[in-house]
Amino acid sequence: MKETKKDFIALDFEKPLIALSKQINELEQKTLQNGNKKVVNDLKNQYAKVKSQIYKDLSPLDRVKIARHPQRPYPLDYIQLISPTWHELHGDREGKDDGAIIGGLIEIEGQTIMAIGTQKGRNIKENQKRNFGMPSPEGYRKALRLFYHAEKFNFPILTFIDTPGAYPGLEAEAHNQSHAIAMNLRELAGLTVPVIAVITGEGGSGGALAIGVANRILMLENSVYSVISPEGCAAILWRTKDKVQEAANALKITAYDLYKLRIIDEIIPEVEGGAHYNPKETSEQLLIAVKKHLEELSRLSSNEIKKDRQEKFRNIGIFVNA
Amino acid sequence: MGLKDFFKTRQLKKAAKLQNGTANANGQDLKAQPPDELLCTLWTKCQGCNELLYTSELKKNLSVCKHCGFHHRLSAQERIDQLIDYGSFIEINENILPDDPLNFVDLKPYKNRLNEAQKTSGVKEAIITGLGSINNQLTAIGVMEFQYIGGSMGSVVGEKIVSLIENAIDKRLPLVLISSSGGARMHEGILSLMQMAKTAGALKKLHEAKLLYISILTEPTFGGVTASFAMLGDILIAEPHARIGFAGRRVIEETIRQKLPKDFQTAEYLLENGQIDLVVPRPNLKQHISDLIRLHSQNTKKSFSGNGIDKTMIDKILARI
Amino acid sequence: MKETKKDFIALDFEKPLIALSKQINELEQKTLQNGNKKVVNDLKNQYAKVKSQIYKDLSPLDRVKIARHPQRPYPLDYIQLISPTWHELHGDREGKDDGAIIGGLIEIEGQTIMAIGTQKGRNIKENQKRNFGMPSPEGYRKALRLFYHAEKFNFPILTFIDTPGAYPGLEAEAHNQSHAIAMNLRELAGLTVPVIAVITGEGGSGGALAIGVANRILMLENSVYSVISPEGCAAILWRTKDKVQEAANALKITAYDLYKLRIIDEIIPEVEGGAHYNPKETSEQLLIAVKKHLEELSRLSSNEIKKDRQEKFRNIGIFVNA
Amino acid sequence: MGLKDFFKTRQLKKAAKLQNGTANANGQDLKAQPPDELLCTLWTKCQGCNELLYTSELKKNLSVCKHCGFHHRLSAQERIDQLIDYGSFIEINENILPDDPLNFVDLKPYKNRLNEAQKTSGVKEAIITGLGSINNQLTAIGVMEFQYIGGSMGSVVGEKIVSLIENAIDKRLPLVLISSSGGARMHEGILSLMQMAKTAGALKKLHEAKLLYISILTEPTFGGVTASFAMLGDILIAEPHARIGFAGRRVIEETIRQKLPKDFQTAEYLLENGQIDLVVPRPNLKQHISDLIRLHSQNTKKSFSGNGIDKTMIDKILARI
């Protein structure tokens, strides 16, 4: 049971499982001496029920917590798991290699793919480099350079999105964060290679969208995608961060909500508890979904691929035409 | 008696005279208004230097303070009146209206907010789009209305901008968009975020059609609007002292834990940091836009002739000039 | 006589003129009283002879001095003199508006032209902004942005070159000066609008070339264009800066040399003494030459214009094919 | 007896043995050489850690020091031997030779410098270009020779690079250029400057033909070479610790009047500053280039088939593999 492992980090709603699994562990050790297995088995059944109940009833905010779980697999993890090769490419050519944006070449079924993602760090040192997954303008320009590279060599583009958003900093503004994001939105619209975006964790607003203008948008089951963080929304609209639960509900940010709104094209199932319980299995599901959409898009001509993407976004919006 | 009181007294006298008529310039009935509101209507306190100014004279000066040069915020309609040749504006898509796709409720329902916004701003959504002429040059123009939920971009703003761009492509017209916005409209959730990609995608088509897009950034332009169509102009012009940026000042100060320089995110700061082409004071704005449109059309006239232009529409507009 | 004006700055080889003109001035004042005009006229004739002799025998290094004369007209001066309109455009959109590179729209005979130039300052404050006419990478990227703008709207490009070279600084290297210059060289090669470059002062190496890949390269009579400054060349090859005269001779940097080498297409005559003696007249000559080449190029199709420029540079080089 | 002396003694003994033979590995006659030069030939002092290394072992290790990892400079021919499959290299344009267009004389005539350079470097100009295969993948490759007037670019280097690029376009081959240069060759004046535009212009055509260009930056690459073809690769790779830049360190220090950081303009500095894709140690270089070529050709095979390829040339090369 993962919950009893030393490095396991439990979320608040997972606390009942901790208690149960501790009980089971203790009993199992006793049982080894006393031989009464029934109590243990009952407890294990109870555990399974509680667990499936917990994960069935996840609130949007619970999903936010899973999406932000410090042990959640990050893009570089998925890349290693789904591709036999990884040739990372660095830099914007103009003065910075933003660690919050990674990019390079991978292979899927003998086809070269340009993989681009936002990347969080797992410790202080890594996060210094990755800036907690918050890209700077230079990161978006690095991504743009790689988009153009992919377009030139006819590489499909696969993006992995897991970012709180673009970095709100002094330099980021001075170097024109707005323009960097806007250019990516515009130029992604012009590509003739297939673009597939996978939200693997947090899809944080414009910072996520800047590598998310794709023919197909896929979401891991416990990832979220939102115009603003629930905390930010609560602070502005409810004027208190305490209303984060309400904001998370109101914003419709889960994969299920976004599928219903027809913003995303597919939900990639995660193992019970979330991808971090079994990154390998989740990556296999991810690869299956990506392959399916790549295969579908490969039947379109370059112009059709571009048109497909443009029409997808052209048609998003709900309004009354009186 | 202080200066303010003096003005107030003078003001009330004038108002008394007006009450014999039926309505003020805005077509509002004055009879029901208390004196203080009346003061606000006929007099305006400059937000730059606190000077009390005749509202009518301020308006005549394009809402720029004669004393300190402060550019007061304009309504979308005022902006159109200032930039578009008199009588030449034809609004399009005025009947694209907001919905409430998420049934969003915070401290009050989004539906109520929409109703209130329509009442206070006098417009149906946060942008007016249409065709009109600028010094006799036909232009596709969109102007954001900050009074309407902070000029925020939801599905309607996105749709109206995209439709305007498609009009510009179809008729081969230059495009002018005038931004004033706090960013994406949270109450429409992900749909508002997607308007960034939607408008940018339409601008890709405009770009490929090699048509001119002049983006005018006015106080304030932030968030998802700056980070999409507003920053994608061939020419970027800002009004003096307008604040323009991606993240808000407070968010940045909280993140980096230090005070930002006073001129941070002002038009002048952006110019110095290579982000915009020019800062143009409002009194020069129409001429400037008009010059740029002229300069950008004179080498391409050959390829322009009759290229998909809807003659009836143009005749309609020309007839008004 | 300009030489007697208060703000006149004489070059070393112009010193004889100063003495003569002083003499003439003094005599003229006396003559007003005494009435002996012959001596004055003789002196004036002598002056004219000396002057034309001086300017006929200018060495390459003398021309370098004229090209660098602090009163020499700069690109913004020519722009004001040749065009009724000037709509300056600023910035690289990414964090800097390099004052050493100016750009904007001008009009020549009712046609819109994109004018781009390197710009020196005339005093300390201006040179702080203009960095003595030495562009940074951001300046070249600003120029590139304007090249693309011109290409989009079918504007011919007219560049004015007067720079000691690209700025050799820490930030310039950190922001990839090399890449900025190289990109301009490559992208200029792809434009389908006419590009005309005018060397108006110093044509300093790669920093000049980065806005100089043109269909037609024109040079003002007293401008220079070189792969390295005579001082730099002397220091490296002669191992002493004293040999600057020899280096200037050896490098073949004058308009006449470069015309003979078929690198440039036309020499624009300056007034005797140099453009700063009469900026207006020089600007008229400049405009005549620019118009002529614009007119010639206007007869070519877009593809022919691009091919013309590419073949021009493809064929530069002198070697033995054994 | 110190370690160095010990090596020297051992060395001299070995040399004595060799003298009974006729020549060393480089085909040079050893008999006439004094002991010190002999030492230099058979032993090499590592420029990184001062360790004395067997030259033959150092070469076997691609001239990378086993103790400290220092990458010693390679001749163009050594580079080709390391990267190109044995026996598959066909040189092109070896007979494009330098002229002296300006009759340039500084402390000595340029003509003399050319003669000396040809003698000391063993090559006719500062670049070798040709076609060859890298792990069975046909490639157009050019390698600069730093020994030849500091790898400077004059008319010949420019012409050979452009001709190579044209070959790559014609035969639809990937291009690999390996730079090592002090910049433009002053002795050819403006003609050398113009080679920057000439090579960049040819690369524009290659770019439009959507062919792969991998640029390898090695110690040192500066000036007009960095600021033209060397920086224009689709992929930019540098060798560890290679110094790469536009302006030289001393010029910059004189200009800004301050000391530069120690790692300034190193490959690692460039990587950190976003200027290159990767730093690849020499032992991995061939595999890395080969992988990249493979990755860049597998999605485009359809459009490759027979597209202008000169079959006889390829057959010739394939016959050698």
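We just call them A, B, C and D in the order they show up, numbering each chain from 1.
Note that a residue touches a chain if its C-beta (ideal position, glycine included) is under 8 Å from a C-beta of that chain, and two chains touch if they have at least 3 such contacts.
The model shown is predicted, which means the values in this text are computed figures rather than measured ones.
Just to be sure I understand: going only through chains that touch, what's the smallest number of steps from subunit B to subunit D?
2
Which chains are shared contacts of subunit C and subunit D?
Both subunit C and subunit D are touched by A, going by the contact rule given at the top.
Take the average of all CA coordinates in subunit A, do the same for subunit C, and state the distance between these two points in whole angstrom.
55
Where the CA atoms of subunit A average out and where those of subunit D average out, how many Å apart are those spots?
The answer is 44 Å.
With chain centres defined as C-alpha means, what is the inter-centre distance between subunit A and subunit B in Å?
36
Which parts of subunit D, given as residue numbers and ranges, touch two or more other chains?
Only 207, 273-275 qualify.
Which subunit A residues touch at least two other chains?
Correct list: 93-95, 174-176, 179.
Using the contact rule from the top, write out all pairs of chains that touch.
A-B, A-C, A-D, B-C, C-D
If we count contacts the way the header does, which residues on subunit C are in touch with subunit D in the complex?
It is residues 166-170, 172-179, 181-183, 185-190, 205-206, 209-210, 212-213, 225-228, 233, 236-239, 243, 246-247, 250-253, 258, 261, 263, 309-310, 313-314, 316-322 of subunit C that touch subunit D.
Looking at the complex, which residues from subunit D come into contact with subunit C?
So the residues of subunit D in touch with subunit C come to 95-99, 101-102, 104-107, 155-156, 158-159, 162, 184, 186-198, 200-205, 207-208, 223-224, 226-232, 245-248, 251-252, 255-256, 258, 260, 264-265, 273-275.
Would you mind writing out the residues of subunit A in touch with subunit C in their complex?
Contact set of subunit A toward subunit C: 93-95, 137, 141, 174-176, 179-180.
Considering the complex alone, what residue numbers of subunit C touch subunit B?
85, 87-98, 105, 107, 110-112, 138, 142, 149, 152-155
Which of the residues in subunit B end up touching subunit C in this complex?
207, 210, 212, 234-235, 271-278, 291-292, 295-296, 298-300
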